[in-house]
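Notes to accompany the following structure.
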Amino acid sequence: MARKSSTTAKVVVTLAAWTVGLLIFFPILWTILMSFHTEGDAIKQPWDMLTSPWTLESYAEVQTRSNYALHFYNSVVISLGSTVLALIIGIPSAWAMAFVPGPKTKDLLMWMLSTKMMPAVGVLIPMYLGFRNLHLLDSLTGLVAVMTLISLPIVIWMLYTYFKEIPGEILEAARMDGANLRSEIIYVLTPMALPGIASTMLLNVILAWNETFWTLQLTTHNAAPLTQFIASYSSPEGLFYAKLSAASTMAIAPILIMGWFSQKQLVRGLTFGAVK
Amino acid sequence: MGQITLTAVRKSFGEVDVIPSIDLRIEEGEFVVFVGPSGCGKSTLLRLIAGLEDLTSGHITIDGTDATDLPPAKRGLAMVFQSYALYPHMTVRKNIMFPLKMAGMDLAAATKRADEAAKVLNLTNYMERKPGQLSGGQRQRVAIGRAIVREPKAFLFDEPLSNLDAALRVNMRQEITELHQELKTTMIYVTHDQVEAMTMADKIVVLNAGRIEQVGSPLVLYDNPANTFVAGFIGSPKMNLITGAEAAKMGATTIGVRPEHLEIVESGGWTGVVGLSEHLGSDTFLKVATDAVGTINVRAGGEIKLRHGDAVRLSPQAGKVHRFGADGKSMA
Amino acid sequence: MATQQSRIAARFMVAPSVGLLFVWMIVPLVTTIYFSFLIYNQLHPERQGWAGFDNYYYFLTDRSFLIAIWNSVVLVMGVLIITVIGGVLLALLMNLPFWGQGVVRVLVIAPFFVMPTVSALVWKNMFMNPVNGMFAHIAKGLGLQPYDFLGHAPMASIIGIVAWEWLPFATLILLTALQSLDSEQQEAAEMDGASWFSRFIYLTVPHLTRAITVVILIQTIFLLSIYAEIAVTTNGGPGTASTTITYLVALRSLYDNDVGGASAGGIIAVILANIVAIFVMRMIGKNLDA
């Protein structure tokens, strides 16, 4: 629509949009601001807090009082590990479904997605008891295994939609050029699908990092990722706002950044491709 | 090298028999064109020969060896796709060298061969570009180059010129024909455009609903179409097919006269009124509504000054009337 | 493009994921069903035996069950209403031309990427806390009494927190859909004399319906299994005021030692989720295929 929108309208809209945006973002902003103050300053009246000295003291305290680095490490291992595993299992499956579709393929995909809709509480008991008996409770191995399983449907689905966008003729050309299946996947499919694979990885790491059911139920200290660690702050021990803010800021920072890059993938992945 | 035989080849998709049964023999070095309307099975047939689809039954032999169960990589054939199917993430050089890499050729030999192919196709200046940076015609040459370096037993072309504009199409058509004269390799070419078929082929296979209607050289198909389908398909504008009283007069159910074989006469013949007239300078095309034989098309050389509404008399040239029986087959 | 060889290869390649997901679905679920019919209490291991449908009966007739169902419904409906309406309005706003669109977009999307435990704790402590929270400060500044959100209005507070988390999702989806609106169609309507309002009702809304449908569907599924936010803020309380079905079953599973009873609860949760899913999909499914 190549018409001039009146400047007044634009100013009004800009003001409105920025106000709404800042309001929505405010809790996050405040948390970040609070993290750079001492405990005593953090609970003061808002204006007083902002004008008191800025410090990294709370960040230091968080690390010394708890093993923050360990939990960060756990989150990284669980998110990345489960994503990579899901990709290894998922890429061949998605290839098969995208390029050699059978009459049952669509049903199979739907069924895979439906496993994601099963309420986790329905299987909590056997999972918990099973993990306990297998000594997998509070273990990274166990958690990575569970997270891989719940990641599989979305990973396969997203890869499927990206693979479908690759023209089948190019793979046929590779076949005519003498490529066997392995060569076809390595030299032609993967390079062409790399953006799609990267997007899938990005989205899945974010979802796994923020997952709060299984990570809360199946871990206590050793394998506890950041979700569990932060949850343990729910019973306050005296003044702790600044530390909570510091811990929270560190926990959400990587994902906020990654999330910024992955908006499109989010839409595609979480609406199961229904909205592009 | 490059002798291909199809025996009782049948292809069904589920319940549908796309190709009921085809027997065909392609000789070494021939330029064979599969031509026919959309959905006639010509692309399917090509893909069966390539190995990209399985036969439902029947056999394909290449140079005497049964290739029916061989995967595409092992058949020694090269294919140029309608959409060129170039690898978008590889440079032109890498695209052309890919089949050689798959065959395990060493880098030096492969580079040499790729460069030779590039020279033949005028691609030497574009070797480091990616397909996205090339024009349609250039992309097509890369696709052909990729096929040439394999030194295959036969080239398979799947409607390669459909995506090009008209002027480019004429150029590329000639380039492909020249390529065939130089390489002398068997070429199987699929198109829906009968002009391409007529100008390029040694042998044309006319397909309709999965069946071969006629196989022959372009001139044979032009002068002696085996049935009304081939008669109406080959030649542009289409042959006039006339049924009714005039046909019966000649002892046939249908008679056919090509627009270029109708003469404008002073007396006798069929009377009619000109509907549309198209004046190209080199030719004149007239659409005439006649009393005796319905609406027919006429093609005359040079400029004929007849316009809409003018009266005209038409008569077929002697010996140029084709007669077809009730089954559609030629009665010659 | 399927040849016999590629079909065989395909089957091998799909097998691992199908197998794993199948086991993941079936084995735990079957185990839960099995447990639900047993007398199995970890504090009294000597009591064994077949309970039949007793566990189900006790769970369904427990007072907290009905409260939990109600809370679940309230939570889902509440969040849906806020996010869909808010999402549509926000999407419309953000679709208009203004300066700094990219930045505002990031600001609005951000809450979705914050992990639920952080969201919940930030809201609980920094805003809703009646002593030190931001709302308390604002109230005092205005001369009002601070309000104990989580104590006196637990469900509303939780709905607020969850809505804040999910509003970005709805907005993003709806904004994407809005931006795929056919501008030529809009221009044609304008030439036909349609006012802004008519164009909105007859062109924009039908186009958005599909996206709204998807948002409702996806969110319902995820909202039914909200757990962390409740666990970290109210623990389902005061009493059972903010206990949803999911939370109730989780509590029973982990803290009650009554494996049989909790399993029955788990199965009931699965059945309810399936009913909701079928209901929602049928009601909305016709919109999707359009």
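The first chain written gets the first letter, and so on, giving A, B and C; residue counts start at 1 in each chain.
Here is the rule we use: contacts are C-beta pairs under 8 Å (C-beta built on N, C-alpha and C of every residue); 3 or more make two chains touch, one makes a residue touch a chain.
This is a predicted model, so every value here is computed, not measured.
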Selected interface, A-C versus A-B, where C-beta contact pairs are more numerous: A-C
Farthest chain (mean CA position) relative to chain A: B
Gap in Å, rounded to a whole number, between the CA centres of chain C and chain B: 59
Between chain A and chain B, centroid-to-centroid distance (C-alpha), Å: 54
Euclidean distance of C-alpha centroids - chain A vs chain C, Å: 16
Residues of chain C whose C-beta touches two or more other chains: 1-2
Junction residues of chain A - those touching two or more other chains: 172
Touching two or more other chains - residue numbers and ranges from chain B: 52, 71
Interfacial residue positions of chain B with respect to chain A in the complex: 50, 52, 71-73, 77-79, 81-83, 85-89, 98-99, 102-103, 146, 150
Sites on chain A touched by chain C in the complex: 1, 5, 10, 13-14, 16-18, 20-22, 24-25, 27-28, 30-31, 34, 43, 45-46, 89-90, 92-93, 95-97, 99-102, 108, 112, 115, 117-130, 149, 152-153, 156, 168, 171-172, 181, 206, 209-210, 212-213, 216-217, 226-228, 230-231, 233-234, 236, 241, 244-245, 248, 251-252, 255-256, 258-260, 263, 266-267, 270-272, 274-276
In the complex, chain C residues that touch chain A: 1-2, 6-7, 9-14, 16-18, 20-21, 24-25, 27-29, 31-32, 35, 90, 93-94, 96-101, 103-127, 132, 134, 137, 141, 164, 167-169, 172-173, 176-177, 180, 183, 186-187, 210-211, 214-215, 218, 221, 224-225, 227-228, 231-233, 246, 249-250, 253-254, 259, 262-263, 265-267, 269-270, 273, 277, 288
Partner chain B, residues of chain A touching it in the complex: 167, 169-170, 172-180, 183, 187-188, 191-192
